[in-house]
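The following pair of complexes shares a single chain, chain A, combined with chain B in the former and chain C in the latter.
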Partner chain A sequence: MSAAHGLVPEAPAAPLRPLPPRRVPLWRKIVGGVVGIALVSAAVYAQTFVLTADEKSDPLTVSGGMHDELRTSHFSARLERVEFARTVRVKKQYSTDDAKADETFMIVKVGLTAPRRPTQVTSFVLTADGLRFEPTDRVSLSATLGDKWIQPGWWRSGLFFFDVPADKLAGARVVVAEPKTLFGDDYMPETSFDLGFDRPKARQMAGAAKDVYEVSG
Partner chain B sequence: MSDQNPEDTGVWSPPAAEPSWFTPSKRLPRPDARVWPPPEREPRGSSTVPIPVIEDGPAPRRPTWPPPVPTPPAPVPQPFTRPPFSGPPVPPSAAAAVPAPPAPPAPAAPPPKRRRAPIPKVAKIGLQIAGAVGLTAAFLAMRGYDALQRYEKDVPPANVQQVSAGQEATLADAKWRLIGVSTMTDPQAAQQPGRTMLRIELQATPLNADGTRFALTPPGLYLADKAGRTWMVEPWKSPEKLTPGVAGRFTLISLVPKEMVDQVELTLWPNPYLGRQQSGDALRFDR
Partner chain C sequence: MTSTPSGGRPRRRPVLIPVLVVLAAATVGVSAAAGGLKEAPEKPPEQAGKGAEIDQGRMVTRFDDAVVRLGGKDGIGVSDRRYLQLVLKVTNKSEITLLAQMMDDALVGVRADGKPLDDPASTNVTGGPRVVAVSGGHSYGQMHPGVPATVVLAYELPEGKPPPKSVQIDAGMYAWAESFFYKTHEWRLVTTPVAPTAEDRAHGRQFHYSPIVVAQVTLPVRVEA
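Right after this comes the complex of A and B.
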């Protein structure tokens, strides 16, 4: 025994006896359970606020109507005029291109300036039922504002041409934004203009469309 | 067994040559060892492994919990006793005169274990909330720091070198010198009255073969004012060919607002992409 004392570690002291559990009244158990379930439900509900990947890359939209000057951190825009035409004639230096619409071209004149850096913008039409119309490719890009640089210090006006059926135009909006890149910044600004069209007005304006609209480009 | 070689017993024997990794050497003779009857067991108690010796015969019964070894009593700390309140504190000289309170008798048994006073509930909850807030703040700060580090790795912050008028400066395998800025007549002046067209002469001297690329891909060029606004600069005439050590001349045009004509300065970035990002090394020429 005496030899074992130096080699074998001493047995630990016997553990203290745990205190007898406190009696918790039943109503407090119930309240605690309800509060716990409420907290868990709130945590699960809070997950519905998490943005999806698409929503995270959504732009920051500034909305307005005709002739409103909408300012964003990258550009300012105003919608100056909306016209309709069946044919767009692009006069170039040595040639003239005619573009015929399926129904009518909606011609949107936009004025733009930039607060700090040169930038380029593009535009599209969002209809009330969620359809999205890009500018038509029948009219060459050089006649539109799509390939122009917007610079600080002065306003630049230009046109965008959309081939949109007139019966889709009720409640449609014209959106002006910087072109989306595959990888880029989040929270890019865009401006959204309400055209203020209802169904009869859109039909009446499309019915009064010009035959030929001449632009240079 | 053959007639020619009586040594050939038909049993393969290793070659007499030097053993190699392929030809096994002869087995070395091992010293004889007794295998039967089995050798004596090691005498008990000779093992060096610290195992308690088990005597032959039935093991002595012993309590499962050995009685605690009496430890020498530790020096008992003097328990703090507040001296009885006796008026204002007296100076040490006077205190020496006061007889010290009689020392309490040292307890024979070890003193009971000291228990910490329980933390008040409010303080406990406050500590927990403070810990949660602190950990959340630390987590958010770490995430923000990480995002900033990654962004600065992708887009290094701008490092603009100011070049005094007429001087030459080196950037991206070439030496650059601003020769002059002059106004031009704007063909679209009637449509856009508020702006002026500028003509900028820039001289580039490639330092090596890499520097000759600017004849094909001009660098990122912008005009900038003090407030940080920038304007496009387009190369109008580029040198057809650049040769290392030979100066080539770029003619650039730009449009700026009329009131900024005397204030804008040419900034030069190594390529158009970095110019758009405004990141990395750049030159800014004084006028």
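Right after this comes the complex of A and C.
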């Protein structure tokens, strides 16, 4: 009868005989070691790409030269003209303000458009040795692009005025960005324009500065 | 056979222990001679006078003048009030444009004849100086990196009182400090714990942090007619 079938344990299988240890050839051991060390070194090296806490709030920069149209997701900008003047005369409706520079004002004309929503921008000069010059407050803000709105779909041009010593202008860049909010906005776009100045050219341009540059504002 | 056979190598003398003992004794002796293990008393701030140039970390400040004059010049104040003006030459050593207003923080204490000038209890309603960067007879607000700027701190003086004879200015020190929590860096005034005030004791604090003073500058006050 097969009633006991399945209830009566079958005789235990003969224990597996341990396989004879497979011999790993020496060259494979060496290759494995080398690959392991390479992976560990790569992992350690990859740690050098980790952003520092300070770098985490850095903007995303689009770079270019004069007259390039640099596009970001929030605005597009191009650097249209760079001039120098010793005095900037701001003509207002009922008065005229003369602003004198320490050396010369660098006057930067920037064209801007925004793809989606009205946008305001600010600008600064970044010198080759990393110094950051904000636009001068000697020329009133109303004469600059700093307090104008860029409307979506329209190009708008305007000026920024900087009081930067001419010997700092070699290798300098003009950066256009949205004004920094107090907290919370990471990876804001900015555009950075290489002025293309070397030392003689910067000195020559600043030396040929106009006496008076008139703007309305 | 347990004892070392004599006549073989000469017995080594234990050198290490006596040397350690001597070193330990020397360490204790020198520490005691240098004032023990207590925290060293802080150095008194450097005393300086007119024309002194003080490195404050974030900026280098030259203390040029202290003058009482009527307002209305250089875009400072109104013409029927008198102002005590501290005239500084400030070179911004940081990497970005700063506002001149921050010199009010960088000079952590200003006293005229021993009394604090920016005393909140004083009758001066502005509660502090007006700080401007003067150029070409106008007052502006910026100190660009690496460019020396003439900075004026103007304190309005109460009417009908004689002007002070001298001012004493405490210059603070800035350091590029790391935030403990965010690990980001920023310029911060270096502080040190000091003895508690009556208010601190009322709140149960044992000490409070106060900015360190790297230099005390004493300027004679001249009165401009």
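In the analysis below, the second predicted complex is superposed on the first by the 170 of 217 C-alpha atoms of A that agree within 3 Å, B and C clash if a C-alpha of one lies under 4 Å from a C-alpha of the other, contacts with A are read in each partner's own complex, and residues count from 1 in each chain.
Here, a residue touches a chain if its C-beta (ideal position, glycine included) is under 8 Å from a C-beta of that chain, and two chains touch if they have at least 3 such contacts.
Quick caveat: nothing in here was measured; it's all calculated off a predicted structure.
Engineer: So, A:173: does it touch chain B (first), chain C (second), both, or neither?
Structural biologist: In the superposition, A:173 contacts neither chain B nor chain C.
Engineer: Touch test for A:54: chain B only (first), chain C only (second), both, or neither?
Structural biologist: In the superposed model, A:54 contacts chain C only, not chain B.
Engineer: Touch test for A:78: chain B only (first), chain C only (second), both, or neither?
Structural biologist: In the superposition, A:78 touches no partner, neither chain B nor chain C.
Engineer: Counting only touches as set out at the top, which of chain B and chain C does A:138 meet: first, second, both, neither?
Structural biologist: second
Engineer: Pick one for A:117: touches chain B only (first), chain C only (second), both, or neither.
Structural biologist: Once the two structures are laid over each other on A, A:117 reaches chain B alone.
Engineer: Between chain B and chain C, whom does A:151 touch in the aligned arrangement: first, second, both, or neither?
Structural biologist: first
Engineer: After lining up the shared chain so the two structures overlap, which partner does A:130 touch, if you call chain B first and chain C second: first, second, both or neither?
Structural biologist: A:130 contacts chain C only, not chain B.
Engineer: Quick check on the output: what are the common chain A residues between the chain B footprint and the chain C footprint?
Structural biologist: In the superposed arrangement, which is not itself an observed complex, chain A uses no residue for both chain B and chain C.
Engineer: Which residues of chain C touch chain A in the complex?
Structural biologist: Residues 95-97, 135-136, 138, 140-142, 144-147, 179, 182-185.
Engineer: Can you check the complex and tell me which residues of chain A touch chain B?
Structural biologist: 1, 3-5, 7-8, 10-11, 13-14, 115-118, 149, 151-154, 156
Engineer: In their complex, what parts of chain B are in touch with chain A?
Structural biologist: 50, 52-53, 62, 65-66, 68-69, 192, 194-195, 222, 228-232, 255-257, 260
Engineer: Residue numbers of chain A touching chain C in their complex, please.
Structural biologist: Chain A residues touching chain C: 52-54, 57, 100, 102, 124, 130-134, 136-138, 163-165, 168.
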